[in-house]
Amino acid sequence: MNVIPGVDPEDFSVTSETEVRTEELLINMGPQHPSTHGVLRVVLRTDGELVLEAIPHIGYLHRCAEKIGEKVTPRQFIPYTDRMDYLAGMNMNLGWALTVEKLLGLEVPEKARHLRVLIVELNRIASHLVAAGTYGLDLGSFTPFVYCFREREKILNLFEAVCGARLTYSYITVGGLMADLPSGWLDQCEAFLDQFEPVIDDLHDLLSVNHIFVKRTAGVGVLSRELAVDYGCTGPVLRGSGVDWDLRRDGDPFYTRMYRDYDFEVAVCRDGKYPQPSPPVPTEAVLGDCWHRFFVRMVEVVQSVRLVRQAIEKYRLAEGDIGQPIKLNQKLPPGEVYLETECPKGQMGFMIVSLGEAIPWRVRARSSSFCNLSVLPELCRGCLVADVPAIVGSLDIVLGEVDR
Amino acid sequence: MSIEEIFQHLQEKFGEAVRPGDFTSIDPWIEVGPEAIADVCRFLRDNPALRFEMLHCITAVDYLEVDEKKAAKASFVPHLELIYHLSSLTLRHRVTLKVMLPRWRDDHPGQLPRVPTVSNVWKTALWHEREVYDLSGVEFVGHPDLRRILCPEDWVGHPLRKDYQMPIEYHGIRAR
Amino acid sequence: MFSPITPAHYLFVGIVLFVTGMICLLTKRNIIAILIGVELILNAANINFIAFSSPVLFPKRVPPLVLDGQIFVLFVMILAAAEAAVALAIALHFYSRFGTVDVDQGDELKG
Amino acid sequence: MAQWLSDWLTLSPQWEWVAYLTVALLQAVILLALVMTAVALATWAERKVAGRIQDRLGPTRVGGRFGWLQPLADGLKLFTKEDLIPANADAVLFRLAPYLSFAPVFGVFMALPFSDGWVAHHFNTAAFFILAVLGLEVFGIILGGYASGSKWSLLGGMREAAQVVSYEVPLAFSAMLPILLAGTMDLVAIGEAQRGWFWNWFVFHDPFTFVAFWIYVICAVAGTNRAPFDLAEAESELVAGFHTEYSGFRWSVFYMGEYAAMAAVCGLGVVLFLGGWNGPIPVAEWLFGPASSTSPIVNFLSQLLGAVNFIIKCIIGVVFMISLRWTLPRPRIDQVMSMCWKYCFPLAALAFLGATLWVLMLPDGLLGQGHPKASTCEQSVMVTVERIETP
Amino acid sequence: MTGPDGMAILFWLFAIVTCGGALVVVLSRHIVRAAVGLILSLFGVAMLFLLAGAEFVGAMQLMIYVGGTVVLLAFGVMLTARRPLLPLSTTRDQWLAAVLLACPLTVILVQAALSYAPTDSVSAQVDAHSGVSTPVGMLPVTPARLGMALLGFSQDNHRPDGGEVSHGDSGYLLPFELISVHLLVVLIGAAYLARREVPSGMTPRDNQGQLQ
């Protein structure tokens, strides 16, 4: 067991309230554990294989992003947003850039808008690929993980060609984007999409409709619609519970106007059916279980591919430039602004409180994984030890975003 | 539903406890008295015309100018603000609530200001309030498990306060 | 160099097992350790059965007592397995009731 | 052989035991070398097959294009790693556990025939002996899990105990069918009973043996603790289960045990169901004539051909198990247990019953072509009955 | 392994393993170590059975005793040990009582063993080099014979030369049936005893009982 400074591993104030029965075992899952997706620590009170209580302990990756935000200008803060959800840096960049733009009352040119959609949706595909792959890994299936990472690598190659970075892009910036696409990039991207679409079916075969996979996920960790909303769960976790809510369609007008002329479906189960093309829902699956949470992401990938294809077309036709980044030390107007965007993990919200200086007075990052993770104790109560990785994986958390 | 109508509803029910904030800013807000916040939130959630099912975020902003020269010219008196962002998934509207708090309860430095918890209205507040308690130092009365969440349990101070001093060392690790 | 193995050799191994099993039974207080002692004693008996029915140790005997010995060993084994299952069930029950596996501490006779 | 050695060294009779001991040790070393080769090949195949399944190459550097020497490199790395013993562990048992897990598997190869004449020791209850010895492997794993002093290891050990003890039952039941058909537990005799074309193999004997074969496959995978039944180590749940605290050489001994067990259950399955050393086409009989060949060279060649047949079948089995591991997700422990008791065990019992009836009703097979030795058991019953009835 | 010397070597090897294991059981202070001692001891016994020509029983010993019973014991140890490696405490009185009882017992048993006059085992020496030859008219003990005996066709009842048969003797059918019934009863009893209540506040899930 790990020894953490200042914390007695056997002393948990929450558990000591209830009588510890003789057969019970207190197990420390994490912070170093293969399937906690980072440095999450979950203390499990178990009776044999039965989990009586799961208490998440977070903060191992806390990097004081909000405090740093009070010391740097908005453009300087962009690299820090990359490091929140490091699997979807572009989406984080976009959220922050839009928030600052909302404060400044800035609108980017058409070309930049389409390019943003293109990049962000590509990143959503990449992030969902990691989610699907690692979820397979959580359930003991290694091969889908490699397939997913192979496809993700291709997206990262595209990103590298765009901005030179493979993980922390800082590409989307306040007022536009850092650079235009290199020549021939769009063709490469289209070639990738053509090649990628059949791979989704492979992944469905290996995971979504695989009998063992369904047995492991269907009916496990059922999150009811009410509970999901109560816990502020967002993104695929919320939609997995059957709530038809996607900020790209239902969000702040300042955000939804980015997608105004795009055609896509929200990945949610309506009358037992998901947007086509997708395999049918297995009969064992209950709305809100791990299988649905996983499947929403797979369906979203298809929709994102659609969006990327549209964005490519629109970008090709668009006139003008990709926007001018604001000055590094541009003075911000006084005021408060809060904006949430639909990131792969859920709704990522940024808030800026400005007193009229170049440096914000207060920066707040409302993280989707943070809220999604907070529902873990509810989901894990009464499950088996083997279900804990299945549930944690289906929530698809990134600890960089949880701890910020 | 516009912010004015929401305010109307609240005014009828709670009277003096809610005050109009700024309806013209980018994100219009309503000010709520600290003692009424839990009731207001419950009303906002349960009223069929409002139905704010989701609490997005609780933010604490510390208004304090540490630099004494600038403090004289500051546009505010030192205080803490709690900002609640709510939305309704069914009625598709949003609202922002603000609670003004003193920086310290009864102006005794070290005594955390108190505010009723909303964790019994929205479960998501369980963690958000812990985070605010941890980083900004607000005590939520009635919270079932108010512990630090991001900082270690034996951390001293509340880092997002403007007058926060980083400790010199923490368990033998140099911090400053 | 070695003298040939006779049934007496087997008997001596049986004696060692029997005596150690006996000591185990008497000295241990853990319910499972007691069970282990019983297993040893049963095995001591089995060794004797096998020794006296062995076609190797009694190559010339007619008729061979082969089947009797082996079949009784089989019976003993099956009974021992059943006994272990029941004893283990009792041990678990005992443990969940008294919180210990020390037989001396569970001396109350209440239902 | 011992006799020959003793004669050659002209040992006096009272020192003859030295010759026996030497020969015994020599045979043990040969067997160990054989097992270790199988293990090394299996690890190499594991990495290579995994690579191919996952659209990559697998090892390519050590030992030429195909990474032949990768097991050696892995072994060297593991030998040089620090051997950690946790402070909480029971040091004696912790050290003992890997060997307890490996030794029984090694013992299996003692009774496993590679061809009709090549077997280290000819037991007349070989099939049963192998099943029994394979079941001992579990104890090393339980002990390792318990002695590590870690809760993850303990959970892994308990899972292993529950799983392996349960799966032994349907495993033994499905292995019973070929025993029933051949009327003996002697693996050499069972192999010989499947001589001829491949439809003489017991897997194709009747529908029930076909079902039993697949039950055997499932239970063999579960019994050797291989994915998708690797719940005792389940890296995503229990960190690494029973071997969480092991490192370096001891860890590798656990792994040798696992791979050797894979080879062993494949070997047993091949002899029981897949015709053992008999090829799909009776080439050996055409080439070398009947088994009782006189010439030692011809005999040797026919044995060699049989062994090659046997090993190829084993390799196919091992590769099948490896590809299972890299394809399927892992079921949950309660699902694994319910699969054993709700599906495998009743099916195996039914198959056993069905095969018995099949032999009684259709002693000559469905097409009347007959099975070479399928009625042996029945004959022995008849013989015994006759003997009893004729005073 | 054939030949008297080979047999002797193996006998001594496994006798030492058996007795050593038994000593470990008595002398160890940890219950798990005692279980390991038991494993060694039972394994040695199984090997002695094999040496004595009882191959089926030896394999059975491995499967049922070592693979089944002791695993069951180990399971019990794990389930009942609050902490890993619970030490066993033994008082001096208990040792005294044990020694007082064990010493005379040993003397008596050794006396009995020594006084046993091997009537025909000496003749084993005759076949020194041909190994263990099966006497004429005697079938090897195959599982088939054991199985037939259990079903009532016992060959021990006949002279190998086809001599007299004691009529009315049904082999071991009766004990076999008794054991079957016994096993059934034990199975039900054990399941009844070991069943446990579902923790309060938990909904019982499928197959919960099997997790133990």
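Letters A, B, C, D and E name the chains as they come in the text, with residue numbers starting at 1 for each one.
Here is the rule we use: contacts are C-beta pairs under 8 Å (C-beta built on N, C-alpha and C of every residue); 3 or more make two chains touch, one makes a residue touch a chain.
Just so it is clear, the structure is predicted and the values come from calculations on it, not from any experiment.
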Touching chain B and also chain D, the following chains: A
Selected interface, C-E versus D-E, where C-beta contact pairs are more numerous: C-E
Most central chain, judged by mean C-alpha position against the global CA mean: D
Inter-centroid spacing, chain E versus chain B (mean Cα positions, whole Å): 73
Computed distance of Cα centres, chain E from chain A, in Å: 60
Chain C-chain E separation of Cα centroids, rounded to whole Å: 6
Averaged-CA centre spacing for the pair chain D and chain A, given as whole angstrom: 46
Sites on chain A at which at least two other chains make contact: 22-23, 48-49, 384
Multi-partner residues of chain E (at least 2 other chains): 5, 8-9, 56, 60, 68, 70, 72, 75, 77, 79, 140, 155, 205, 208, 211-212
Residue numbers of chain B (touch at least two other chains): none
Touch list for chain D against partner chain A, complex: 50, 53-56, 150-152, 155, 158-159, 227-228, 230-231, 234-239, 326-335
Interface residues, chain A side, partner chain D - complex: 1, 25, 27-28, 33-35, 48-49, 136-143, 146-147, 150, 206-207, 210, 212-213, 215-216, 384-389
Contacting residues of chain C [partner chain E, same complex]: 1-13, 15-24, 26-30, 32-33, 35-37, 39-40, 43, 46-47, 50-51, 53-71, 73-75, 77-86, 88-93, 95-96, 101
Of chain E, residues touching chain C in the complex: 4-5, 7-9, 11-12, 15, 18-19, 22-23, 25-26, 31, 34-35, 38, 41-42, 45, 48-49, 51-54, 56-57, 60-61, 64-65, 68-70, 72-73, 75-77, 79-80, 88-90, 94-95, 97-99, 101-102, 105-106, 109-110, 112-114, 116, 118, 120-125, 127, 132-135, 137-138, 140-141, 145-146, 149-150, 154-156, 159-160, 172, 175, 179, 182-183, 186-187, 189-194, 196
Of all residues in chain D, those that touch chain E in their complex: 2-3, 16-17, 20-21, 24, 88, 90, 92-93, 96, 100, 121, 123-125, 128-129, 131-133, 135-136, 138-139, 142-143, 146-147, 149, 154, 157-158, 161-162, 164-165, 168, 172, 183-185, 333-335, 337-338, 341, 377, 380-381, 384-385, 387-388, 390-391
